[in-house]
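Shared between the two complexes below is subunit A, which pairs with subunit B and subunit C, respectively.
== the complex of A and B ==
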């Protein structure tokens, strides 16, 4: 009897401990983000208040309004940066996807010499730190006259994303059984038709998530963008965030609002694809 | 006679090859060359002066460079190990949860969506000595009555940066380890329990070998992206105060752009590139080994 009650007590304690630690872990994860969102809605006086004001007295969207109302009031042309970010991230994603689909298909469906070596070689290009790559790129771009242009940034981001899209798409094509495409070919499809009508539709969710992954990398990239962009011609949002810190008085509320603007597309897109993302990266982890 | 055609895989891999060589490989050769010159942005002609290994020899005797190098390696070692342990803990907590697992998993992915710049900014805001959440909380709770200069004191700043880095990347480990835990078959665990293993033994000899490849995928992904710590440091302290949080990448940026000494910066960059390649190759090999091991046992 004694052992029984002890065991039960033990188990209940473990369960409570588990719940408490889970709660703590989740609040550490969520709190910083929520704090930034909250701060973007509060007046600057409240953020700066000493002693701190914990419960917000008044909330408003002023920071967002003034941010998008042009360079006149906020001083920082957020709208231009936003448009640049969208153009650069979207076009580099599309190009990286096309290139990655070709490459991923080759890795998933063909045998050729040096396959592993080429794969690792692709990955190694990704390990080059952005800032180290920016030094020669800066020089080359300056010579070619593509510094501070959309074209230059798009090319750089395509190269940044291709290794990842190849890796992910390779995994997704490998999940599509080979027999399906072969059956289609026996029924009279060409390889090209078999690809578009059988394999592509099956791998499409995976390819979409690879695209979103690529989009996020371009959307968030900073090290290259901070050196290869100069003005409103091509500055992206992450570089724009740094504009705020360059001023003498830091506009915390404005920065928080810009941070929220940056995070919302990323949040929305990641929620859509989270399932495919993990399965794509881990596919083949166990079976090899 | 049939017309000669390129084999399909060559044709398919061609675009990737072209893009990567144009934007990455060729510029890297250029930077390798310029690391043998005293090239300065302000004097474009200096790229034609060849000085051999002078830049590298200079770096070998440069104390600031080696401090930054050591700090970078220390930073990575501490960050990656802690992220691994915390990620494992987090994954196991979430896996044990009986209800609301979907929501928990979604919340767990939250930090992954933050770009390093945002992470840096967010923690800069929180660790600000005047308006930051951390100091405000400590003062309201009465734990301290003066403002702790988180980002102004060298050691505290290093701690703050480490916190930011760990916050942002622990979830990468947690997600992959969780994927491993959920893919794991139940029978071996039950068999181990029947055979009288303690929970620790079950974990160490049954669960851990199975989830190891997943942990190494996370490691590999992280090592591919390892230099994004630059963004965090750049925003939070920019290598300050007085170079106390200077890491390799901020030093490269400062030497190359602020001091305009491109040749020297390229020499540093090459050492940084080798460092990342070594990290990545180690993890790739571990990944391959772990895969084989699992393949043999299951």
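== the complex of A and C ==
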């Protein structure tokens, strides 16, 4: 066969192989999510069946209906949990972003004593698993009387997220050339205006991604929330999942349905914010 | 339009002093260039004038008013950065109108002034593009447009052409010159390229290690360099400089080669004093292939070996050697010359320079 044809064939085969392996990888990644959605629609018998039933025999929205049906009819206070989750995740994200922007900007732009040590210290806090902190945190919170409050949860999540937002936003501010802020000051801006008019818009993709991460961490966190919340006052959706476990039984279908309810807002938010995640916004600012 | 004056200006970073009490007066509408090698303090000086660096001592006046502690926005200046520093999230139009928008000028006025500047700089077709869609030269022009829109008292340029390729640099140099002729503002221009300084500036300030070596017109600094450093820095190829001892109306180099003492320095030197002899390549040429500005009596003939040749078309640079030191000669109307052989060269002593070998200062001023 001619060398050219052989090469073309080779390339085509490689491409097909590439696509197949991508498909397999994506299936492995997506299957659990798909399984959760399917399980929320089928009876427990089918979910627990051995060998597993791959093709669902009957689908129904019963779990969703009963979830919202109120106490006594299989319902749980989803709306309370949802509102708690939104309040706690949104507030802690906003605070973590504000602190992260201030901190990230300071790390990116200013020189001060102990800068590296503080930065490494921030990173080290991330090496401690949240669950290891839950007992000391519980004691402190109990003394302060902030167990089972929005405030307590928000503070915990802010502390959890701030090192991460500072670190991520610092990197994005570093990419914004210093000359731009100086040019803005020459053009008549105060330091503050130069930040809001020039540096902030350019670092927005970083701030948006830090926001998504912080929100998802707060939204999905279970370990701390299960220790620090008690009632509908502050229980979040992940803790609400435990409402489906009783002493001897677990309502897997209900649990999966709640999981789907949890995933939807997170997915929606990610889609909304992702359009801000355009990279390369600073290209053209300076030479090259 | 404004004057700029620096009085005993000092800049220190912690304990390291990088600008040592310099004085400079820039006249109204003057184009002044700060030149010097990297690290000589020229950009720092410019940034202090702009207000982007705090000053550690001394005084800066713009139009007679002390601006030491004023923020950049209150100094009525514009600056063109080496990196252009265009706002990437704004169109060319928004970039140029940004300062007016911040100053809350009416939209009509902003549009009109942006249009005017765009016309001056041929930017009209590019007004709606983003900086990322422009070439280097276009970005440079937008940066200049942004500066002129404000109609500032003083323009500051920080090596604005050093990111452009050689051809574009020459072209933009001409444009800057035209622009200055048109707007007639006071300009302080920092560059490390002495050709840029020579071609653009009314006066050149040569800096070295945080000191001013010389301030003068391009002719002054070229023909009357105040120090050995200026002599070596200004001019391309650089001036030939070599240590010599004055001996009985002559100069003797380390290897014994002897030249007559240039007439201008006869009563300014003493026998036995150590000097540095300086000669521009233009004043050393193969016999019959150069121009001398003094009389015939100032022309001295000497036999020198011809080394590497660099033909430039209308002239050829010849690397030769005097007592083990490399000298460069310039041959006008070039002819082929055998490499490695000695040829008769002429030295125009009326243009020679002598510097004190210890202080490096020009002898006799």
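Everything below uses one rule, namely that the second predicted complex is superposed on the first by the 227 of 288 C-alpha atoms of A that agree within 3 Å, B and C clash if a C-alpha of one lies under 4 Å from a C-alpha of the other, contacts with A are read in each partner's own complex, and residues count from 1 in each chain.
To be clear about the criterion, a contact is a pair of C-beta atoms (placed from the backbone, for glycine too) under 8 Å apart; a residue touches a chain by one contact, two chains touch by 3 or more.
Keep in mind the model is a prediction, meaning the values are calculated, not measured.
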- Query: Which partner does A:145 reach: the first (subunit B), the second (subunit C), both, or neither?
  - Reply: neither
- Task: Using the superposition described at the top, determine whether subunit B or subunit C touches more residues of subunit A.
- Result: B
- Message: So in the superposed three-chain picture, is A:202 touching just subunit B, just subunit C, both, or none of them (first/second/both/neither)?
- Response: second
- Query: Of the partners subunit B and subunit C, which touch A:114 in the superposed model: first, second, both, neither?
  - Reply: neither
- Message: Quick check on the superposed pair: does A:122 touch subunit B, subunit C, both, or neither? Answer first, second, both or neither.
- Response: first
- Query: When the two structures are overlaid on chain A, which partner does A:166 contact: first (subunit B), second (subunit C), both, or neither?
  - Reply: first
- Please identify the positions on subunit A that touch both subunit B and subunit C, taking each partner from its own complex. 281-282, 285-288
- Item | subunit A to subunit B touching residues, read off their complex | 18, 21-22, 25-26, 28-30, 32-33, 35-36, 39, 47-48, 51-52, 54, 98-100, 102-103, 105-106, 110, 112, 118, 120, 122-133, 135-137, 139-140, 155-156, 158-159, 162-163, 166, 216, 219-223, 226-227, 238, 241-242, 245, 252, 255-256, 259, 262-263, 266-267, 270-271, 274, 278-279, 281-282, 285-288
- Query: Taking the complex as given, what residues does subunit C use to touch subunit A?
  - Reply: 50-52, 71-73, 77-79, 81-89, 98-99, 102-103, 130-134, 136, 139, 146, 150, 163
- Note on the structure: Contacts from subunit A onto subunit C in the complex sit at residues 177, 179-180, 182-190, 193, 197-198, 201-202, 281-288
- In the complex formed with subunit A, which residues of subunit B make contact? 7-10, 12-16, 19-20, 22-28, 30-31, 34, 89-90, 93-94, 96-97, 104-118, 121-123, 125-126, 130-131, 133, 136, 139-140, 167, 171, 175-176, 179-180, 183, 213-214, 217, 221, 223-224, 226-228, 230-231, 234-235, 249, 252-253, 256-257, 262, 265-266, 269-270, 272-273, 276-277, 279-281, 284, 291-292, 294-295, 298
